[in-house]
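After this come two complexes, each holding subunit A, first together with subunit B and then together with subunit C.
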Partner chain A sequence: MARLTAAAVLAIIAAAPFLPMGGMRQYALHVLVQIFIWSFIGGAWSLMGRFGLISLGHGAFLGAGAYTTTLLWNFWGLTPWLGVLVAVAGAVVIGLVLGYPCFRFRVVGHYFALVTLAVGEVVRLLVIAERDWTGGSLGVTLKASAGEASLAAIQFADKRVFYYASVVVWLGGLWVWRRVDRSMARSALEAIGEDETAAASVGIHVTRFKLAITVLSAALTAVGGVLYAQYFTYVNPDTLSGIGVSLRIVFAVVLGGMYSLLGPTVGSALTIALSEYLRVLFGLKFIGMAETIYGLVLILCIIFLPAGIYGSLRAAIARRMARRRAAPA
Partner chain B sequence: MLELRGVTAGYGQFTALWGVSLRVSAGEAVAVVGPNGAGKTTLMRVISGLVSPREGDLTFEGQSLARLPAHEIVAHGIAHVPEGRRIFPMLTVADNLKMGAFLRSARRGYRDSLERVYTLFPALAERQKQRAGSLSGGEQQMLAIGRALMSRPKIILLDEPSMGLAPVMVLRLFDLIRRVREEGYTILVVEQNVRQILKLVDRAYLLEVGRIKMEGRADELSEQDFVRKAYVGL
Partner chain C sequence: MIDPIFIAEAALNGILLGGVMALLALGLNLIFGVLDIVWIAYVELVMLCMYLVYFLVTGYGWPIWLGGLASVAFGAVLGVAVHLLIISPLLNSAAINQFLATGGLLFFLQSFATFLWTTDHRTVRLNLPIIEVAGMFLSFARLIAFVVAILAMIGLYLFLRHTFIGTAIRAVSQDRDAMRLMGANPQRVYVVTSAVGGAMAGLAGALLIIQYSVHPYFGAAFGPLTFMICVLGGLGNMVGAVVAAVIMSEIISVGGVMMSTEMGYVIAFVLFIVMMFARPGGILAKRE
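Coming up: the complex of A and B.
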């Protein structure tokens, strides 16, 4: 049953670019690509978040990823295929520099969140300060490659290419999430999330597990940043690092539910759809209105659905199924 | 089996243990007693690698333990039941026990260990699927001890197992600890219930403001005037 549903959903996703959508096709594809990219990034974030490692600075990894490939391409013409390796390495280094001291000296909970918040801001300020390279707060445009489409430069005029690319990356993210979910590391990290001293006392190498999941999350987030940069061909410090984007990632995941495979996807899809809808509805009339409503919806969700929309829905369905199974007996 | 020689340790500038020497032989049960703030918990944390000693020697079966991190010390066969029942409250009883066998060496004998723990603590067997946080205080302490046994240790360190338990529960718990002992485990236990613990162990150390003030066989120690007045309350 679940397999069948999954197959059907995948078939729809695969066929989406060819469905009749009138003049809406380009716009719809654009929104969908964003949903897949942000879902992937949200999933990467939730790898840490679900174990109580709340990062409010994932913009650091995102920005590091996006800027690394963009600048390497613009200045040295290095293909993003190699650039992404450098980008991931960069994000991993940031993750280690952030994580090692925090985990070694037991910086946990709110304090950890604050440290990550600062790291995200530092990356944003660095990008702004290094304006000769990075274009400062105006951002930088990815230099166009020759021709309509270039595989080496990962630039394609046809949105469908990015659509499928983002789907593949998103599926890869889900696969990693599943792998972690079914591993021994999951139990270890859950134990650590509950009580670090107790975890250490049963032989869990607390620092190593926390660092490993941080590095994994950072690396995937950087990949998301690279994909974002290649798709938009424009990066700027406010949309890719700093507090704003970091919180957006957190909100989306919390909304959808960080403990379930598809929670981050549902959350990202809802937040993107909601902000698109509000943007179209209010246009430029009430600047800030969209954000306000968006914020309110979030607060309500956090209070009433702590497991997230998708997480709560799944739990409710599971309960009903259990009751139905129990009833005829 | 376990030997500390002149161990000095503390937190930052603060020194909680001053040149402490202590020995536990295989098969023995040894208690450390002393007033609040004496450094008993710190002593346990030094042995289990949660606090590293500043000076002194720490050996287990002839191997030095000083500066090994906590997870490697467990692998050597030392299981620490920390103060205050640090179980994993959101996990079920069964999952808590499973975590106790996290180490590869412990995972091999998992079924066997589990059976032993459930035989020792039938109350846990009945509550396998229950969330650990919903157990009573005494059951949580049993779980903490059971979880330690799951790592197939050679020695277990118990830090104030009776803390916060009702008097009846304390008696039952001490009974259970006696049974754990009879299973052949070596035990080092910290307690404030001096009178009762002295009935259970072979030897005891008296720790005061970070220094060993007295040591001896449990029966002799409980006869000493000083201990009787200060701790046993007779």
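Coming up: the complex of A and C.
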């Protein structure tokens, strides 16, 4: 049953660009690409978040990824296919430099969140400070390749190419999530999340496990950043690093539910749909109103749906199933 | 080469800014210590108070000291409102939900301020003199802000040491569970703490509006800095907060003159990260 549903959903996703949507096609595809990219990034965040490693600085990895490929392409014409390797390596280095001392010196909870927040801000401020080659707070545009489509530059005028690319990356993210979910490492990391000292006392190498999951999360987030940069062909320190975007990622994941495979996807879809809807609704009138409502919805969701929408829904269904199973007996 | 006099001037300004930053960090520190929650939107409350003073002083012609008092009262009301509406329902939630709820408040306040008042920068113009000391130019407004901040911190110290509720606040921040065991009512302590924390934000707002212009994204620059000073100072450590605030403000002020504003912040934040590894209990804490 579940398998059948999954197959049906995948078929709809695969066919989506060819469904008749009239003039809405380009816009609908644009929104869907964003949803897949941010779902992937949210999933990468939740790899850490679900084990109690609350990072408020994933913008650091995102920005590092996006800027690395963009600048390498703009200045040296290095293809993003190679650039993404450099980007991932950069994010991994940031993850290690941040993670190792954090885990070694037992920086946890609020303190870990604030340290990561500082790292995200550092990346944002460095991009602004080095304005001579990063474009500062004005951002930088990816140099256009010759022609309509270029595989070497990963630039395509046709949105459908990016649509399928983002679906593939998203599926890859889900696959990684599931691999982690079904691994031994998951039990170890859950034990660490519950009680570090107890976990260490039964022989779990706390620092090594935490570092591994941080590096994995950082690397995937950087890939998400590269995809974002290639699709939008414009990067900006405020939309890719710093507190704002980091909080947005976390919010989407928590809204969806960070302990389930599709939680980040549901959360990202909802937050992006909401902000797109508000943007279209208010347009250029009432500047700030869309974000105001976004913030309000965020607060209300956290207070009334602490387990996330998808998580709460699943819990409700599970409860009903259990009741039904209990009833005939 | 930069004239040393500019660096000396920046250093002096750093100390003066440090006073106000210490006040802010202490307000946040108090809340963090008692409720174990970081209000991500704390400096957004300061921003609202700055707008209040701006409108009272330029719009209604109130004298600045009266506007300042109104700001303190408004800050206290905001603090209580944040506690009752957002924090109270989430007291037993996961830390991440508490972070996010106050993060949502940050988005809400920033955008609502943009909606109401646009992104224009607004300044309260006071005709305060510029003082010249040994070739350095100091703004009188900053000096006043520094002195008032120091006085307020002494006031807070006396309040925490010599009143019953102050003692209760200190007790809760040392051991939250013991409070309940003693049969005391934590909710009252929480509300008073939030009010005091909010009042500090209000006072800081009044002191900042005479030096800086206010705009909806004011918190973006001072917010992260305030959390960092708060943590660097160490929980419940007032001297630590002042030391941390002065160090961070110095780096930003002098770094800003010698390199660029952003690089000043970068160095300060990197120092924060390194200090979290070296002295997790705060800058003055003994090494474990």
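One rule holds for everything that comes next: the second predicted complex is superposed on the first by the 328 of 329 C-alpha atoms of A that agree within 3 Å, B and C clash if a C-alpha of one lies under 4 Å from a C-alpha of the other, contacts with A are read in each partner's own complex, and residues count from 1 in each chain.
Please note the rule applied: contacts are C-beta pairs under 8 Å (C-beta built on N, C-alpha and C of every residue); 3 or more make two chains touch, one makes a residue touch a chain.
The structure displayed is predicted, hence computed values, not measured ones.
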> What is the contact status of A:289 with respect to subunit B (first) and subunit C (second): first, second, both, or neither?
Replying inline: second
>> Contacts for A:187 in the overlay, against subunit B (first) and subunit C (second): which applies, first, second, both or neither?
In response: first
> If you stack the two complexes on chain A, which partner ends up touching A:245: first (subunit B), second (subunit C), both, or neither?
Replying inline: neither
> Which partner does A:203 reach: the first (subunit B), the second (subunit C), both, or neither?
Replying inline: first
>> On the A-aligned overlay, A:64 touches which partner chain: subunit B = first, subunit C = second, or both, or neither?
In response: neither
> Of subunit B and subunit C, which one touches more of subunit A's residues?
Replying inline: C
> Looking at the overlay, does A:49 come into contact with subunit B only (first), subunit C only (second), both, or neither?
Replying inline: second
> Does subunit B (first) or subunit C (second) touch A:303, or do both, or does neither?
Replying inline: second
> Of the partners subunit B and subunit C, which touch A:195 in the superposed model: first, second, both, neither?
Replying inline: first
> Looking at the overlay, what does A:118 touch: subunit B (first), subunit C (second), both, or neither?
Replying inline: second
>> Looking at the complex, which residues from subunit B come into contact with subunit A?
In response: 48-50, 69-71, 74-75, 79-82, 86-91, 95, 98-100, 102-103, 106, 147-148, 150-151
> Can you list the subunit C residues touching subunit A in their complex?
Replying inline: 32, 36, 38, 40, 86, 89-90, 93-97, 99-101, 103-116, 118, 216, 220, 223-224, 227-228, 231, 259-260, 262-263, 265-266, 269-270, 272-273, 276-277, 280
> If you look only at subunit A, which of its residues touch subunit C in the complex?
Replying inline: 49, 54, 56, 98, 101-102, 104-107, 109-111, 113-115, 117-119, 121-122, 125-126, 128-129, 242-243, 247, 250-251, 254, 286-292, 294-299, 302-303, 306
>> For the complex, give me every residue of subunit A touching subunit B.
In response: 184, 187-188, 190-191, 194-195, 197-206
